[in-house]
Structures are given as structure tokens and as C-alpha cells.
Amino acid sequence: MVEPVLTLSHLQKSFGALKATDDVSLTLIPGEIHALIGPNGAGKSTLIGQIAGKIAPDSGTITFRGRDVTQLSTAQRARLGLGRSFQISSLIPEFSARRNVMLALQARQGHPFRFLKPVQRDRGLIAGAQAILTRVGMAGRASVPSAELSHGERRLLEIAMALALEPACFLLDEPMAGMGTEGVGKLVSFLQDLKQQAPILLVEHDMDAVFALADRITVLVYGQIIASGSVEDIRHDPRVREAYLGDPA
Amino acid sequence: MTDLLRVEGIEVFYGASQALFGVDLTVQEGQAVALMGRNGMGKTTTIRTLCRLHAAYRGQVWFAGQTITTLPSYKAARLGIGLVPEGRRCFATLTVTENLIAAARPGAWTLERVQGFFPRLAERAGQQASTLSGGEQQMLAIGRALMTNPRLLVLDEATEGLAPVIRQEIWAAIRALKAQGLSILVVDKTLSELKPVADTCVILERGQSVWSGTPSQITPEIEHRYLGL
Amino acid sequence: MPEKSREYAVNAVLALGLLLVPLWALWAGEPFTITLATRIAILALAGVGLNIALGLGGMVSFGHAAYFGIGAYVAGILAQHAFLNTPVLGLPGSNQMLTIWPIAMLISGVMATAIGALSLRTSGIFFIMITLAFAQMVFYFAISWPAYGGEDGLPIYVRNQFPGLNTMRPWDLFLVAFGVLMAGLAFSALLRGSRFGAALMAIRQNPERAAAVGINPYGVQLTAFAISGMITGLAGALMADLTRFTSPSMMAWPMSGELIVIIILGGTGRLFGPVAGAAILVGFEVTFGGMTEHWKLWLGLVLLGAVLFARGGLIGLIAGKERHG
Amino acid sequence: MTTALFLEQVLNGLQLGLMLFLMSAGLTLVFGVMGLINLAHGSLYMIGAFFCAAAAAASGNFWLGLIAGTAAAAAAGALIEVTVLRRLYDRDHLDQVLATFALILVLSELTKIGFGPFPLFLDVPPILSGTVNLGIAQYPLYRLALIGFGLAVALGLWLLIARTRLGIRIRAGENDREMIAALGVNIRALYTLVFALGAGLAGLAGALVGAVQSVQVGMGEPVLILAFVVIVIGGIGSIKGAMVGALLVGVIDTMGRFLLPRLFGHFMEQSQAAGIGAALASMLIYVLMAAVLVIRPKGLFPAHA
Amino acid sequence: DPVTVGLITTLSGGGAGLGVDIRDGFQLALSMSGSDAIHLVVEDDGQRPEQAVQIADRMIQSERAQILTGIVWSNLAMAVVPSATAQDVIYVSPNAGPSQLAGAGCTPNYFNAAYQNDTMHEASGAYANVLGYENTFIMAPNYPAGIDALTGFKRYFEGTLAGELFTQLGQTDFAAEIAQIRASGADSIFIFEPGGMGISFMRQYAQSGIDLPIISAAFSFSQDVLPAVGDAALGVINTAEWSPDMDNAANQAFVAGFQEAYGRLPSVYAAQAFDSANLILSALAAADINDLPAFRTAMRAADFDSVRGAFRFGNNQHPIQNYYAREVVSVDGVLTNRLVGTAFEDHQDVYAADCAME
């Protein structure tokens, strides 16, 4: 078996009496899209937050590329190669789309304490950012400040920033949300390519997309994993139908 | 049937850049209208303008028989426009119940009824809104708009990020609300779910209303041309 | 971008004006005008320092007077020991600016790091208030610490020296201040264009996002805060030499307010904002201070007008809103 | 040092704390619910004291003065809100700092023009003058009354903010003004009201405390900074926090002034000990604040956990 | 040509009352003299040393002022005087006499027409002996002037100290101090709490129910603050080199003139400023200011009618004068001071010995 990129073992997180994450263990192996689905409030974003380093788990460990990262800060994990997108868009509002991506690129290259060399004339950064924006279909909007982008465009920029980090794995929290049917279609084929580059832990409510993309699906309900398996297994699992999928429309 | 909301030829600017170039739209009493279009075409801008959160540079908005083009937004809301905004925008530091109470105006929708409608909001009553899950926040935003006892419910991407079961519930709820006589203006990305609810569809393209008709009139050709399918 | 080039033009006018006006005064025999220009240059330098924290980093420090005062005290204390020929902490005093400046920057930098390390645990309004409170603490210490004059302050009987110049002459001192200001501006320009500057600005707008791409917000902000304190401290050392006096009131909170005023009047985050702001403020003080005893009323009204109607300060008024490429 | 003296000093500390709470209440209200940093709080405090002193002198009645002082400060607050501050809610704190800093200059100067440069006289009302025997010491009645006022204000504010719909809407407005307006709430009017209330509280504190202090131009600035310390320690926007913060500051400051010189008196000569003790005591509350923030960066009772 | 005199004083903020009195006293002397030898420029220093220095520079360098005066506070004087006098400008102090400028740092261009800081408190110490106080509690703010005050008092006081306390500069609540005073077993209290601190202290002291006698230098019981302290001040003994009821022609003319011009009683600051102006006028009449040594000699002669009666300079150009004890009384409902005794005659400060000038 291939060595997993990311391993969660026995993660536990409570908010007061609420167990948001209840003994969750899962892995992400190279080349796969691992979809994490579950009802609203099941604890998916909380789990992503713990992996990314925003929320400290009460117990359990997170192993990333063979290293225990449970105690590291968000920034440290990002530098190790964890790239995340936010469920609610989180961008640098005054920066143009291009500069947002450049920021991610520069952070990946390190040297944050370079005080004197001008970035704006850094050809490498600019070209790199432009290439990534082209990849997500935002080339034409590169110089628009991100505050002035429409909702859907911001979602695309989120993806672009995650790409720029060239991470060893992607944590994508509802990347399809807010995208039109057209956009979802594009993104699906895009993610299909992307997983070759790095495996993806995908949280998504758009089931058409999930079923089209996922190699494995884990279902979270009330913080617990109730099922895990292939698309077919999950699609027909009665517990999942009841808790999450509802009647096929 | 009378027109509850009528939008005529509105043009809107963000700073120096124009976002709307003439949008027309009518919602009749008791009707559900769907506003459609690709990303960035101006749906949200249209909605913000008719809720008076953004000023129209040109054009008129009438609601319930009076022009509201220059009314402050709180007055427009008091006339009966209930907004579920894009991105939810719950009051982050308030509890769930406080969010609902903040919006309350007298009418058929009370705290109990809203909590009955979305039981999850009763379960999470004392929790701070910022810590709710995305879907819970969405429910809260709808519940909050209902608490204002609106005549027209305006939903901008109200099912975004919701689990399929909940979405089905929400669509059912929207249908139920419509059946109770509430007028509805709705923006959503999922056409398959939108079509059964809408009486009329209006399509925006680059800040202009370019097509309108009943859902059944939407041909594959139109879908391809305006919605990118 | 025409706006960008208009900003460059404004900057050039400011820099040239600040040099040419005292030059004219030298020719016309108006030494006080030179003194005023020196004062503007020094206050502008203090503003350049604060602008790094406040304009670029969004850290609204209401306590930068502390670093300004610490710089001034370093100059005053070293000069006094040099004058009396007594040691400080076992080392000799000094009346050489080139020795005093690095020490002033070092000590204000250390202080800024300590205060910043605590203050940056908070943000927003908390940050404003805690920086204010820390500055007050330093202020009270200076007032009640008798060794260097306490509230009476510390005179510098003979100005500290700069190689090749006679600092007792107004024009020579002006050249020193102007040179340091230009160096400070150049440094600040490079900083804002650098990766560090980009990270700092990003953190100001969205720290969580910055962390998610791998930037450590705390470290970057603390570094910027320390640099900011050092530059303001350097300005304090110069100010002590200009007034030939150091007093705790240089670290009292109205001074912190004044530094903020300078920045906002000129244009927050704008490279030359502090220069424009200092010129406006000093010009106003001098013009109205002699005219009416109620000049503070008018100053207040002018400030109000500036906040309400001239967003972006003078430079914003002329060159339009700032764009971050 | 006798136990009685020690206890009296503890009481003095608590009393000072309640006085500080009175001074900070309006500030924390405006901070907490409107997200507005109001440096001119001290100036409103001063206005309250001046109008109270002037009205009390003119009418011979302290209580009329108290009403006049509170009303004048509230009116000034409403005026400021309508003309200046309401344009600044959407701006960052920096603009608010500058605008309210400017207001300090304007209000101080106007007060001086209106009332002259000399301090005014304001005495405690006859029924509250004199002392009561508390067993440990004769205690001034007026100070006991201040304790009562402080507690009443705390309770009233807490009820208003936490328990009324008005309070909820105000807090909602702090989160998202545009949204609360889109839900039909006239948030503009609400904010004017809240600010006037905060200003009125500042004026009330100024009038009450003015009777035991000096009513003079500039009296507001030290109060402002103390109030900042109190609020930072307690947690901005939390009434409970302001109360606890104020009591802590009051007790620690008083006990520091009382005990530190005695402590140093054991090692050194009396006048030197007095000097060093006083110097350290003056920094004590800032040390306290730093310590609190190291442990709890959002203060002891963060309003938004 | 009239000589330009620059008057830098505090006209805004909490200390404005003192500056206003100094300005008014100075201007009154000019108008009463009818002389046009002086062109007066007045400016507000905001009680900030940097501001004062800048104004001084401007008055000297651009308005060609040859004489400066007006500063209220020691710390501002310390900032302005050394550099102004080094530029060959005469400085006449209408208030504040920091010890540095009286002792080793004395300079020929600096004249103090008021008092040396310590002397006012020394007078309190001496008069406390006269009153028979034996066990006094002493208290002052913790800053140089406060430390000097207690040192000055102790220099002449012969009894024991029941306690010695430093308060904080700008302190407004004195409950903790009052409790200690009550517990100390003192028979009297000496305080130096200038400005608002004194008002606050006296209010709170009056409410505390303690009735130990208070002795103090004039600062907390001068005419500028007395109305604000109110009846709590009645009976307090305070020491100064002047009192409004002094029985000499110059003083009677001054007090009447001041009341007529400004509608209030003059404070000790106004009296000192009035004397400063007359001192300058007398020297200008006797010598040309452009001949600086001659002008200084004329200043040293102090040939003018002082409102405090006899007035002469010592070697350090600080006054050698009498200090009186005054009592706060109410005359027709107005609080004011009345002479009750003499603390010192022809008293000179101790620092004069350190001054190298002859």
C-alpha cells in the first residue's frame, strides 16, 4: 500500500457539550480525491480547521508527510505543503487577483523577511501568478481588486491561491459553492487534473460533483464517521441516504 | 394580479465601473420569480439595489404601489422586503435566538414558528452565530428574514452549501411559503431545483435583463447561450 | 496610471520644497524658518516610522510617543554624561550623533519589541488602547525617575556633533535632519515594495488568509513594529538635539496623537504622507498659534474637516485613492 | 499598621474602583456596542462636570446640577454623533481616533471659552455630606453614595444591553450595520441614541465625581486613560468586565500607593522609600494590565467569546 | 523704538488659569504705566516644553524679541531659559524658580522676579514652628518640584514628621492618603498639591471629617483656585511673598486696577507678573537694551515699586525678600487671603551660595 500523505488518527474536538469531531481517523493517499460529506454541522469544516491548524484538537494526532504536525501553527503547516481554501471566501481585499496569487507564491518560496527587493518587479512572481490565473480562467480579471470580484470569481481565486502554494495536498472546503452549473462543470474537470499533482481532501455538498470526482468518500455525522468507501457503496448506504442524501430528486 | 415589485431600467455603478446596464423585472403578488445568469452578471447587484443597499444611478423601483427608489433601506424593509443575502451575513456575535429577535416585526411569523420551521435553530438557540456551521447559518439567515414578516422574500443563493436533504427541505419550505401567498424573488445556481418553484424566470447577461419567460419556455438553446450549459 | 505619476509629482514637490524653502531662508537671513523646516523633517521622520506600523501594517499604535521620547532621552542622557564626563552603565557618554543614533535606535527598538510582543497578542481597539497604556507607563516612569530630571526634563547644553558640520548652525542641523529623513523615506519605499511589505499589507487586510498561505502574522507584524519604533526613536534623538531639551512630555499621549495626526493629514500609508502632514501641522501651529489663544479650537476643526472630507489626506486629495497593483 | 487601617484602605480601593466604573461605563458601552473608539469620552465627562457645577451654583441645588450636567453631555453627544461620528462607522478605527482626538481639542477650548480658564466650585449636596461610622472608620457619606450610583448604573446597563430587544439590535448593528438596516431597523437613530446614552453616562460620572474633585479644563484626559486601562483589563464591551476591571484597578492602585512605600521603608530611609514607592505605584496598574493581557489577550471577560 | 518682549505662557488646558493671570498682570502693568517702551507678543505654550522652545526660537529669531518672560512651570523654564539666555536674550521669570537656575546654573541674562521654588516651602516650615506644630504629616506629588517642596519644608521645620508621602502627579483621589493621615497621629499637615490636585485634596479632606490644621505654600490657596476649593479652604495658613491686602501704595493700585480691568481679584501669579513688567520697564528707562551689560546692571538695581514692598536681587539674581503667612478668609462671600504674620525677613535661597556670580 502507498504511504498516505495525510493521516488523522483519533481526532477529538468538543465545543462545550458538543462533540464536533468524535474519534475521527482517516487518510489521504497520493493521487486520490477523498470526499468528505455529511449534513450541515456534522463537523467537516471543524475537521479541516484542525488539519490546517486553525483549531487545536483536544486529542489525537495529525501526521503529514510522515511528520507529526499536531503542534504546529497554521503558517508552519502551510509552509510544509498544506494548501487550503476557505468555505467562506477569504482573500486580501485591496490586492488585485494577481497580487493575491503572488502573495501565495512568495510565501511558498519563503524569505518573508526580505525587506528591500521589490516584488512588483519580480518577473518570476508575476508570470507565475498570471499562469495560475489563466489555469483557473481568471486571466482577464487579474488586475481587479479582489473586493470587486463577484462571488463566483472569488471562489475561483480561492482555488488559484491554493494552487499557487503547490501543496503536497489540498484541503478544499466547498469549492463549488456559489459556482454556476457551468463553473461547476469546469471545476470538476479541473480537479480531475489537479489530483495528479497532489491529493485532495474535498468537502462538498454538490453530490453530482462528488460522485463524479471522488475516489473515496467518508461520511461524517455528528462528528463521527458513519461510513467510508467507494462512490457506489456510499450512494446505496441506507444510513447515508437517511442522514444526508435524502430521496433521489 | 397586481405587481408587488417592479424594477425598471436600473443602472448601477460600483465607483466608476458600471455593473448594471438596464435591468427590468416584475414580481406579482403571490408569484415566485427566479433571477438567473452566470457568475458576475449582476444578480446580486440587482437584489442589493432593490433592497436599497445600493443606489440606482438611473431607473426606478416600485414596491407595493409606491416608488422606493430613494427610500432608506430600513424603510424599504418595513414595507415588506425580507432579504436573505448572499453570504448569509448572520450577526456573528449574537446568539441564534438573538439574531432572530433582532429582526422581529409583528406578524404571523414568530420565534416559535420559525424554530418549528427549522428545528436546528431551536437546538442551537444559545450558540453564537459565528460558530454555526455553514448550513446552520443559512437556515438562520432565512429564519431571520421570515421574522420580519415580509411580503416579498428575496433569497440570494439561499441553498448554497447545504446538504442535499436540507436543500430539499428548503425548497419544500420555499414552495410552502409561496403556497401561503408569500411572493418570492430567488437567485440560485441549481436550475433543476429552481425551475419547479418559479413562475417566471428572468435571465441577466452582462448587467442587462436579456430574457424572461416561464421555466418551460427555457430551451436548451437559451440554457446554452445564457447559462453556459 | 496617471494617479501614480501624480503621486510621484506631489512627492517631488514636497521633497524639493522642504529643501528649497530653508535654502531661501538661509539666503534671506531667516534662521527660524530653517528651524521650522528642521522640525518638519524630524516630525516627518517620526511619522515615517509610525507609518510602517500604522499605514502598512494596520497596527494603530497610540503609543509611539514612547519610542520618540526614548530616542530623545538616549540623546539627552548620553550628551549629559559626555558633558559631565561621567560614565553610563560603565561606558562613556557621547556627543557624537553617529554614535548616539544607533544606540537610540537599538534601545527604542528593544522597547518596541517588548511592548509590541505583548500588544500584538491583541488587535483592533485593544491594540490602540494597550499601546497607549504602555506609553503612559513609560511616561510615568520618566516623570518620577529623578536621576535625569524627572518631570523637569534634561537640557542638552551643547548640541551633539556630526562630522564635518557645525550643528549649532541651523542650516547644518537642517541638512542632517533632511538627510536622515530622505534615508528613512528611501528605506520605507523599499520596504513597502518588498516581499516583507506585501506580507505586512496582506496581514493587515486578512491575517487568517496570510497564515493559510504560510506567512506567520505575529512574526511579520512584530518585526514591522520594531522597525517602526526604531525609526521613530531616531527621530526623537534628532528632536532632542533640535530643541536642546528632553522631557517626559515628549512621550505623553498628546504626542502620540500628534504623530497620528501627521500621518492622517498627509495620507495614511502614503510614502510622503508624513512629510505633507508634518508640514501642515507645523505650519498651522506657527500661523495660528501667534494669532489667537484659541488656536487649538481651530486646529480641532481643521482636523475634523480633514477626517470627514479629505479621506486619504492631502496626498489622497491630490493623487486619488491608493492602488495596490 | 492596624487591621482597621488596612480594611479601610481595601474599602477605599473598592470605592475608587466603583468610581472608575462610573467613569468607564459610557466608554465601554460605546466601544462594545458601536465599535467606536471615542477619545472624547473624557471631554464629555468634563462637560458634565462643568454644567453641573454651573447649574448647581446658579440654582443652589446639586441635584438640578446633576440633571443639567447629564443632559448637557447627552445633548453634546447626540450633536457630535449626528454631525461627525455617524460618518465614521464604516471607517477604520484610525479615522475615529483622529476625529475624536480633534473633538477633545474643540470641546476643551469651547469649555474654556464658555466657562473661563479657572476651576469651578462644585460641592456635595448637604444631605450627602458628613461621615458615617462603619466600625473601621468614619467614612464620607458621599463616597458611599457613589458606590450606590456605580452599582445602579452597572445593573441598568447590563439589563439594557443583554436583556432588551433594543440592546440586541444595537449589538446586531455592531456586527453588520447594512444588514440590520436591510431587516428594517433604523440603525442610524439607534446609534444616535446609544451614543447620547454613553455621553450622558460620561456626563453623569463627571458631575458625580466632580463634587469630590477639581472641575477644570483638561480633567477628562487622565480619566480617559484610566478608563482605557479598566476596559482593556475587563474586556471591551463587557459591562461585567468593566466592573471587575475597575474594582481590580481601584484596589491595586490604592493598595500600591499605601503599601509600597511602607515596604520600601523597611530597607531605606523614609523619604527615599516614599519616592520609590510612589514611582512604582504609579506604574502598577499598567503592569497589571500587561499581566492580564499576557494571560488573556481579550481581557478577563471578553464580550465576544 | 519699542523693545519686543515675548510672553510665553500657558493659555490652554488645565493650567490655563495661571497663564491667564500672568498675562493679565503683565499687561495691566504696561497699561498702567502708560509707557510705550514695550511691544508685547503673547503666545500659548500649551504647557508643553517643546512647544515653548519652538515659540521662544521664533520670538527670538524672527520677531527679534530681546526679552522673554511669562513661563509658569519649572520644566518649561528649564527647557527655554538655557538656550534663550545663550542667545543673548534676557529672561525674566514671573513664576517658577528651579534650583538649577539659582545655583551652579545661574546666568547673567536670567532674572527671577518671583521666588526660588524651595523658599515658599521653607517659609511654611519656618511658620509651622511659629504656630507650634510638633508632629506634621507632609505630602507632595512625586516629581522634582514636589521633592523640592518637602525638602524645603524640612529644612526649616523643627518638629517631627508624623509621615511623609508622595502622591502621583495628576492624582485625583486621595482617600488612601487621607486614611493614612488620620491614622498617623499628626497634629498638623503640610501639603504641596498644586492645581487641580489641591482642589481635589481639599474637597475630599473636608468631607473626611478630619480637622487637623493645614499649612501650605500659596499655590493651592491662591486666588485662581480659591473659589473652586470653596469653604474647605477657610482658615488654612499658606505662605507667600505677597498678599492682596498688603499695605503699600503700589499694591493698592495694583489690586484695584486688576479688579477694575478684569473683574476678579488678582492671584500671586498676577502680582509677580505685574512686578516683572515694572522691573523691565524700570530697566528700559535706565539703560539701552542694546548695551547688554548696562541693561543688566539696570535690571539688578531693581529700581521699581514692587507690590510686595521691598524688593532686591541677590547675587544669583533671585529675590531677597520677605515671606508672609496668610490665612484664607471670606470677605463679603468672596474667599481671599489675609496677612497674619511674617515667616521670613529678607530671605535668600540656599542655592545662591553655589552661584558663581558676584
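First chain written, first letter: the chains are A, B, C, D and E, and each begins at residue 1.
The rule is simple: contacts are C-beta pairs under 8 Å (C-beta built on N, C-alpha and C of every residue); 3 or more make two chains touch, one makes a residue touch a chain.
Keep in mind the model is a prediction, meaning the values are calculated, not measured.
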item	value
Touch-network distance, chain D to chain E, counted in steps	1
Separation of chain C from chain B in steps, with touching chains one step apart	2
Selected pair, greater C-beta contact count between A-C and B-D	A-C
Chain located farthest away, centre of chain B as origin (C-alpha)	E
Chain C and chain E: spacing of chain centres that average the CA atoms, whole Å	36
Centroid distance [mean C-alpha coordinates] between chain B and chain A, Å	29
Interchain centroid distance [CA atoms averaged], chain C/chain D, Å	31
Distance from chain E to chain A - Cα centre to Cα centre, in angstrom	74
Residue numbers of chain E (touch at least two other chains)	11-12, 142, 147, 168-169
Multi-chain contact sites of chain C, meaning residues that touch two or more partners	140, 143-144, 146, 294, 296
Pairs of chains satisfying the touch condition	A-B, A-C, B-D, C-D, C-E, D-E
Touch list for chain A against partner chain C, complex	52-54, 73-76, 78-79, 84, 86, 90-96, 98-99, 102-104, 106-108, 111-120, 143, 145, 161, 164-165
Interfacial residue positions of chain B with respect to chain D in the complex	51-53, 72-74, 77-78, 82-83, 85, 89, 91-94, 98-99, 101-105, 128, 144-145, 148
Of chain E, residues touching chain C in the complex	11-12, 41-44, 46, 48-51, 53-55, 57-58, 60-62, 74-75, 78-79, 82-83, 98, 100, 142-145, 147, 168-169
Complex contact set, residues of chain A against chain B	15, 37-45, 87-88, 148-153, 174, 177-184, 205, 207, 243-247, 249
Chain C partner contacts - residues on chain D that touch it in the complex	31, 35, 37, 39, 84, 87-88, 91-95, 97-99, 101-106, 108-110, 113, 221, 225, 228-229, 231-232, 236, 275, 278-279, 282-283, 286-287, 289-290, 293-294, 297-299
